[in-house]
Amino acid sequence: MSDLPTLLKDLVVANRILAHENVVDAYGHVSIRHPDRPDRFFLARSRSPELVTVDDLVEFDLDCNPIDQRGRAIYIERPIHGGVYQARPDVHSVIHNHSHEVIPFSISKDTRLRPVFHTAAPMGAEIPIWDIRTKFGDTNLLVTTMAQGHDLARTLGCGSVALMRGHGCAVAAATLYDAVHTAVFLQDNAKLQAAGLRLGAITYLSDGEIAEASRNPQDRNSRAWEYWARRCGADKL
Amino acid sequence: MSDLPTLLKDLVVANRILAHENVVDAYGHVSIRHPDRPDRFFLARSRSPELVTVDDLVEFDLDCNPIDQRGRAIYIERPIHGGVYQARPDVHSVIHNHSHEVIPFSISKDTRLRPVFHTAAPMGAEIPIWDIRTKFGDTNLLVTTMAQGHDLARTLGCGSVALMRGHGCAVAAATLYDAVHTAVFLQDNAKLQAAGLRLGAITYLSDGEIAEASRNPQDRNSRAWEYWARRCGADKL
Amino acid sequence: MSDLPTLLKDLVVANRILAHENVVDAYGHVSIRHPDRPDRFFLARSRSPELVTVDDLVEFDLDCNPIDQRGRAIYIERPIHGGVYQARPDVHSVIHNHSHEVIPFSISKDTRLRPVFHTAAPMGAEIPIWDIRTKFGDTNLLVTTMAQGHDLARTLGCGSVALMRGHGCAVAAATLYDAVHTAVFLQDNAKLQAAGLRLGAITYLSDGEIAEASRNPQDRNSRAWEYWARRCGADKL
Amino acid sequence: MSDLPTLLKDLVVANRILAHENVVDAYGHVSIRHPDRPDRFFLARSRSPELVTVDDLVEFDLDCNPIDQRGRAIYIERPIHGGVYQARPDVHSVIHNHSHEVIPFSISKDTRLRPVFHTAAPMGAEIPIWDIRTKFGDTNLLVTTMAQGHDLARTLGCGSVALMRGHGCAVAAATLYDAVHTAVFLQDNAKLQAAGLRLGAITYLSDGEIAEASRNPQDRNSRAWEYWARRCGADKL
C-alpha cells in the first residue's frame, strides 16, 4: 500500500506551489491518480488552488463522477483529468493552467513552443495545440464533457504537454512531482523563448539534448520541491 | 429590500481587490448603483482604492452631486460613473482605471484590443476608444463635466468597456462582481494579446465563442472573488 | 519659518517611496533645498534609499560641501543636486535614479521619451539626453565634479527631466512632492510608451494637453503621496 | 589569517541575496575560494540558495572532491567552480545561475550581450558563449565532469562572465562581493539592453568607459551589499 495521506498532503502542497509560482491563478487545477486504485483520481472541490486544503480534496472515478461529494461544488472541467487518465495508464498526475507565459503560444499562428533550456526538456520536443473549435465548434472553450476530454487526450498523445487554444494547457506526468516540475519550467521556457526570439534567431535544444535532459525524475525530496514548498509556506502545512 | 450593508462592504473589498491585482494604483475608482434607488450611486471619497474603508463611501445622485458629503474631498472624475448610470439602466457597477496593460491599447493607432482567451470574453468583441480631444479639444484628459461623462457613455454604447485615449478605461457591468471580473481579465487579455502579437499572427476568439464564454455571471460566492479577496486580505475586513 | 522637521521627515518618506516603487534600487538619491536657506540642500549620507533614516540626512552648501559631516560617508554624485540648485532657483527638490524603465530611452538612438498619458505630463514635452562623453570623454559615467553637474544642469535647462545616457536620469521640481510624482510617472510613462510602440504607431499627448495636465501641484496631503507612503510603511515612521 | 567565519557567513548571505534578487531560483550556486588555502573552495550542499545555512557549506578540493561530506548530497555541477579556480588564481568567487534575463542572450544567434550602463561594466566588453555541444555533443547540458569544467574555464578566459548556451552563465570575480555585484548587474544589463533594442539602435558603453567604470571593488560595507542583505533579511542572520 502506498502512503496515501502523504500523497494527498503533497497534492495540497502542489496546489499552493502552482499558485505561488503564478502557474495558476483564480483558475486552474492539479490532480493525482489514486495510488492503489488506478480507476480513481483526486482533485480539489471548485476552489482556487491557493486556498485548497486536504478537506477540499474529492475522489472521482475516471468518468469524473464524484465518489463522495458531500455537497461540495466541483470543477466543471474535470474531464481534462479523466480524459487523460483513461488514455494514459502511465500518467499519475495532471495539471491544467492558464499560465500567462504559455497562453500566447496557444494563440500564435507563427511560433511553436519548444525547449530552449535544459530544465524545460521534460515538456518534450513537439508541443501540440488542441483547438476545441475544430471538433466542437463555438463553445465557451471549457472542457466540460468526456467527449471533449477524450479529444484533448488524443491530441496530447504520448506527450507531456498540450496547449489549449485561447485557454491554457494540460500537463501530464508519471508523478505529481514531475507534473509540477514540468508545469513550472514549461512556463519559464515560454518566457525565455519569447524573450530570445525578440533578440533574433535562437538555438533550441537538440532532440538528443531533450532526451538526455528529461531523465531526471523528481520526488518529494528534490531540491526544487523543497524550495517551492518553502517559498509558499506549504512546508508548514 | 437588498442587503445594502453587505453590498457596501463588498464595494470596499472590490477597491482592495482592484488595487492588489494592479488594476488600479494611486488613481482609479469603482462604484455601485444604489440597489434600492436607481437614481443614486456609491463611490469612495477621493482616496486611493487600496486605502478605502466603509466610512469613505459617499452617496451621489446621477448628476454626481454628493448626498451627504460631510466635508470629505470627492473624486473629480465622478462624471464617468454618473454618465454611464444615466445612459445605461442595466449597469449597476462602473470601474475606472489606468491599468498599465490596457493603456498601451488606448494610444495605439494600429492594434485594437480584442478577446484572445475565454475568461476575458465579457469585455466584448469590439472595444471602442474614446478620445476626449475629439469633442473637447486640449484638456488635462480628466472627465470632469457631465457633458464629458455623457460623451464617454455614448462611446461605450451598450458595451462593457471603453478605452480612454492616453488615460485608461471605463468598465460597466450588471453587478459589482461582474465589473471586477471584467476589469481584471481585460487587463490579462491586454497582456496576453500583446505577448501573442510579438510571436506573429494570432487567433482571436470568434464572435460565437465570445457570446458563449460571456454567459457566466459572477457573484460574491464565485471562485475568483473568494481568491482575490483572500489574496488582498479583504476577507478579514 | 518653514516646518523643517516635517520636511526632513518627508524626505525620508520620499526615499522609502522611491525604493518601494522601484524608481531607485541600491543606488539613486533624492534631495530637498533648505526651505529657509536657499544656499543649502539636504541629501542622505551614502546609503541605499530604502534604508535612509532622519539621522542619515546631511546638509550641504550648493558646491556640495557638507556642513556637518560627522564622519559619515557621502554620495559621490552630489554635484547632480548642487549643479541643478545653482542653476534653478525655482527648483526645491532633485531626484537621481537608474529606473529600469527609463534607462532604455537614455541609450536609444531612435526613440525619444515623450508623454503618452496624463499623469506623466509634468515630465514635459521634450526630454533632453545628457551624454557625459560629449564633453568629458571616457569616464565611469558618474557625475563627480561641479563642472559635470553644471553641464548636466545646462542640458536640463528649464525642464523637469534630463536623461543621462547609459546611467539614468535627473528629475527637478518645485517641491519634494512634485519631484516624487514626476519621477514615478516618468517611469510609468516609459513603460507605457515602450509597450505602446510594440503595438505600432501611437498617439502622444499634444502640447496643449501636456500644459493642461501639468497644472496640478502635489503636496503631502495628495492622494498619491498618502498611497505611496502607506504602501511602503512610511506612514508609520 | 583571514576571518573565515565572517566570510562563510557572507557566503550564506550571498546565497540569500542572489535568491531574493531573482538571479538564482531553485537552481544555481555560489562559491568562495578558501582564503587561506587556495587549493580549496566552499560551496553549499545540494540545496536551493534561498534555503542555505552555514551548516550546509561543504569544503572541496579543486578537483571538486568533498573534504568532509558527512553524508550530505552535493551539487553535481561543482566542476563549474573547480574548473574556474584551477585556471584562474585571481578568482576567489564563482557564481552559476539561470537568470531569466541572461538566458535569452545565451541562445540568441543574432544579439550579443554587452554593457549598456555603468554599474554593469565589470561584466566586461566581450561576453563569450560556451556551448557544451561543441565539444561534448548531446548532453543534458549540465557541467558534470572536470573536462567540461576545464573547457568552460577556457571559454571564460581572463574575463568575468561566460554565458552557457541553453543553460545560464558563470560569473568569476576577485571577491565574493564583486561576484554578487557583477551577477546582479549582469542581469540588469541583460534586461536593459533587450529593452533598449526594442526601441531601435542603442549606444553601448565604450571600451574606455567599461575600463573606467570597472574600477570600483565592492566589499561587505558597500552600499549595494548592505541594501541587498537588508532586503532579503540576511542582515539578521
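Per-chain numbering from 1; labels A, B, C and D assigned in written order.
Heads up, the rule we're going with is that contacts are C-beta pairs under 8 Å (C-beta built on N, C-alpha and C of every residue); 3 or more make two chains touch, one makes a residue touch a chain.
This one's a predicted model, so the numbers in the text were calculated from it and none came from an experiment.
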**Fill in**
Fit chain A to chain B (C-alpha, same chain sequence): the rotation, rounded to steps of 5 degrees, is 90
**Prompt:** Any idea how many Å lie between the Cα centroids of chain B and chain C?
**Reply:** 32
**Request:** Determine the centre-to-centre distance between chain B and chain D, using the mean Cα coordinates as centres, and give it in whole Å.
**Result:** 46
**Asked** Do you know which chain C residues sit against two or more other chains?
**Response** 198
**Asked** Graph of touching chains, which shape: line, ring, star, complete, other?
**Response** ring
**Message:** Can you tell me which positions in chain D touch chain C when the two form their complex?
**Reply:** 116-119, 121, 188, 191-192, 195-196, 198-206, 208-209, 211-213, 215-216, 223-224, 226-228, 230-231
**Message:** Taking the touch rule as given, give the residues of chain A at its contact with chain B in the complex, in rising order.
**Reply:** 25-27, 46-48, 50-51, 98, 100-101, 103-105, 107-111, 131, 133, 137-142, 165-168, 194, 197-198
